[in-house]
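Chain IDs A, B, C and D follow the sequence of writing; residue 1 opens each chain.
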Amino acid sequence: MKKFLNEPAAFVDEMVEGILAAHPEQLAAVAGALRCLVRANAPRANKVGIATGGGSGHLPLFLGYVGEGMLDGCAVGGVFQSPSADQMLQVTRTIDSGAGVLYIFGNYGGDIMNFDMAAEMAQMDDIQVEQVIAGEDVASAPKEQHEKRRGVAGIFYLYKVAGALADEGASLEEVKQIAIKAGENVRTMGVALTPCIIPEVGKPGFEIGAGEMEIGMGIHGERGIRRGPLLKADQIVDEMLPVILNDLPYESGDEVSVLINGLGATPKEELYVLNRRVSQILGERGITVFNTYVGEYATSMEMAGASVSLLRLDDELKRLLAKPASTPFFTQLQLEGANP
Amino acid sequence: MITILTAQEVKTALTEIRQLMDANRDRLLDLDNDLGDGDLGLTMAKGFAAAEAEAAESEETEPGRLLIKAGMQMAKEAPSTLGTLLATGMMRGGKALDGQQGSVTEQVAALLQAFVAGILERGKTKPGNKTIVDSLHPAALAMKQTAEQGETLAEGLKKALAAAREGEIAARAMQAQHGRAAYYQEQSIGKPDGGAVVGVLIVEGLAKAWGE
Amino acid sequence: MKKFLNEPAAFVDEMVEGILAAHPEQLAAVAGALRCLVRANAPRANKVGIATGGGSGHLPLFLGYVGEGMLDGCAVGGVFQSPSADQMLQVTRTIDSGAGVLYIFGNYGGDIMNFDMAAEMAQMDDIQVEQVIAGEDVASAPKEQHEKRRGVAGIFYLYKVAGALADEGASLEEVKQIAIKAGENVRTMGVALTPCIIPEVGKPGFEIGAGEMEIGMGIHGERGIRRGPLLKADQIVDEMLPVILNDLPYESGDEVSVLINGLGATPKEELYVLNRRVSQILGERGITVFNTYVGEYATSMEMAGASVSLLRLDDELKRLLAKPASTPFFTQLQLEGANP
Amino acid sequence: MITILTAQEVKTALTEIRQLMDANRDRLLDLDNDLGDGDLGLTMAKGFAAAEAEAAESEETEPGRLLIKAGMQMAKEAPSTLGTLLATGMMRGGKALDGQQGSVTEQVAALLQAFVAGILERGKTKPGNKTIVDSLHPAALAMKQTAEQGETLAEGLKKALAAAREGEIAARAMQAQHGRAAYYQEQSIGKPDGGAVVGVLIVEGLAKAWGE
């Protein structure tokens, strides 16, 4: 296990300590609770609070998007484990300004139950809470069962547009609706080349043979669509992208934002090789690209692999996507080419 | 056999259940290792220890409210799937006790039914999916029938325990639909479900605390 | 070899195509030459141009820092190979506004020769050229032979402050001097846990045994200070950081910026575990931290490992470091806490 | 043996050298494999082919300027360490020819000296570091001495070739100080240096083109 580690059991807390040491102007722990993180200036008066949460091991997910123009708080779980409802409740209490709190999180059983529970508890405190569940991995369930789909890198888009709208002073219901809309217009598919190691376990939980890949694997190693010999980069895109395109479907004349996400160990060089083919295919299909994000947005520790997400834009989504944001893990200036 | 459900009886029950979780720690770890992430024995031991301690230290005299408090503590200390589901069960069970007027048998029946209903709702599941529900739901049903027939609490808990055990055995033949176990698909068939075993242990603890 | 690849020989060109497809508003190729990249709006009137260059396989180095507030152009070499003097010359001609061009690059034989040659050729064209060589890896040579030291992640700081000053309209000599000053005040040391694979070679050029690490290894696998069993994260920092601190030396009362750089495969989680210990030690030594950068700033493909860089700040360096910048791989808003 | 150094003679020399690089491609690859990154045979074959073609297609009649052009092409097509060093040598050698008034022997001596001086400056090196300089520098020196003694170009190139070969053999015993070879430290001692061999081939090509 080639990892920078002290005691495996201390991994998540030490990571958070390192994060707080690096970004003290941007992040704070709720009453010293390392696993309940909020914006340094929370709550923001009259603004709908947005909270997320999930297991650790996916940086920048989830806590990395807490900051200006995006989220207000995050409950931090153990590696690949849901945080507790109690953590979520603490975050909720801290970020609520009276305008209510929206939970945006991925479609995983533990997270759903805990956020549900937290919402129940927050309502006992008279805090208005709404929930939006992100689930856009087309490999994880067929379209007819889309409510079973896992949430992966595309959740970034939900955070981005909901955060931008909340900053404009929109109501809880409005912020919820824009997150839902982003969720309805985003699709993702991924491919894994190697497994990853949970520090407390110390060895990979599964193997992917030398020269093999698994198309559609989830970010915790959930089974994908098929395992087979590692294909060339273009062949992989040629297999994955049509599945995404046909699912929504994305059609000629559509405008999309592209997110090429690295799962951890894959170098950025290779992500751009993938993007080359993605942009070729979109061009051939008459789909225009408004903004391309390439890098690590949702990882699985040191897993090698990548995912491709598309967000179909309308004027409203585009306007919100283009707005500036600044978090410890994601900074964007106002993008040109969208109506402000 | 108890005749009134007091706060003290809630404490006793939590102690019995905690002891059973301790005693079955390794067995639960093994079961969760086979079909999950292998932490079930740990989280159950920890969660019930926390619930027990919270109840023991509390000055709350109303049994329903005490159970809610213990449930919230369980949620805090055992934030795994089953920890949250059990916390939900305890909170909903506690609410159901509030204002319950009937016999102690009826009270426990109402508690168990609300407990299971909470899990079903929060877990977005139904019987037959190879979960804790597959032992607890038959137990709650048996308890309800006993109450309707006017039998004793001891009788009810005996029947509930038998039903839970049968349900746990039946769950072995099911295919897992939730959580990590679902990744195993057909391979999950034939293996016991750790959560269903936890369900049996909970009813066993109640039977010891309130039925003997 | 678990890589997203088509033909290995096409790797660098395809990567650049993917980059240009993703960032058309920010980057352009000189007359279609993929390996000669410049800012989309080059040259900028009356501004000193800053060019860099080096082998591929180190993203965001080198081309990733071309953009607002940083560099104007980059010559892109093959994987771990110097670009040619001819590429550099093309970049130089494109970015020169008449105010002259500064080359900032790492201390590697091939790069030095080629930039030297390019400068000679550019001067034949009557373009004023100055050069600053970055070499701050304390593991690569003793202090007395600091001119032999390799340039690694710390070059980021040279780009940042020189780019900020050039944007203010400073002269070629002034921009050169600030880059030199940053170079004199930065030190880096790294540790490698695994080797990396050059696509055209297809297998690691060297091995690091299971359970081993190499302290001080260079970003192409150059020999380090010592190889030994993989230590705990804190022990590694305890070994590396004092070497850096004692070299300048950085002393109580100094203010520094910290850069925790991932070499490629190492997850960000682990980089923050390292930062935790770095910030503890700096605190103990009475050294204050102005801004901490954590992430991938200079990589070696999919090598697992990390480096730590410190830049000692004075008012001028701090002011320039704090200024905004926006490139395809690095975006920063104005940092608070520095005099503008 | 040539008596005037014309542009055509530059072309002939580049052709001879290119042929030698082709013929020794695999040997150079092997040498660079042992102490470097294994591309030397490729870059030399490619670089001299480009230089030869550039010169062949050029209408330049002044030999020095033609050599500069060929050198710039070498820099473009063979951007490895040695490609750049040779390009520098050709450019500096070409400049040295410009306005050179003496005999053809003196002209070639001046060319070779400027060639080596360019490499020394650009490579920031000196003789003794196990590089191409260790064969070329003795060759240039031999050429200079022959010119000073008023001997023929053929004689000078013969001595230069002998000196280059001796220098290459001497370089084997040196420890590499530059580039990848330096990583081998003491282990580089005893192995031939690919660059030094390239130096021998260059002098050999000149001797064939201008001395025979």
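In the analysis below, a contact is a pair of C-beta atoms (placed from the backbone, for glycine too) under 8 Å apart; a residue touches a chain by one contact, two chains touch by 3 or more.
For clarity, every value in this text was computed on a predicted model and none was experimentally measured.
In the assembly without subunit A, touching between the remaining chains defines the groups B | C, D.
Distance from the subunit B centre to the subunit D centre is 86 Å, each centre being the mean of its Cα atoms. Averaging C-alpha coordinates per chain places the centre of subunit C 34 Å away from that of subunit D.
For the pair subunit A and subunit D, the distance between C-alpha centroids works out to 58 Å.
The mean-CA centres of subunit A and subunit C are about 29 angstrom from one another, to the nearest whole unit. Under the contact definition stated at the top, not a single residue of subunit A touches 2 or more other chains.
In subunit D, there is no position where the chain touches two or more neighbouring chains simultaneously. Under the stated contact rule, the graph of chain-to-chain touches is a line, running from one end chain to the other without closing.
All chain pairs that count as touching, in label order, are A-B, A-C, C-D.
Per the touch definition, subunit A reaches subunit C in the complex via residues 2-6, 11, 14-19, 21-23, 25, 56-57, 59-60, 193-194, 213, 230, 232-234, 236, 258, 260, 264-276, 279, 292, 294-296, 299, 301-302, 304, 306, 324, 326, 329, 331-333, 336-337. Residues of subunit D that touch subunit C in their complex: 72, 75-76, 79-81, 83-85, 87-88, 91, 122-124, 178-179, 183.
Of all residues in subunit C, those touching subunit D in their complex are 77, 81-87, 109-110, 112-114, 116-117, 120-121, 222-223.
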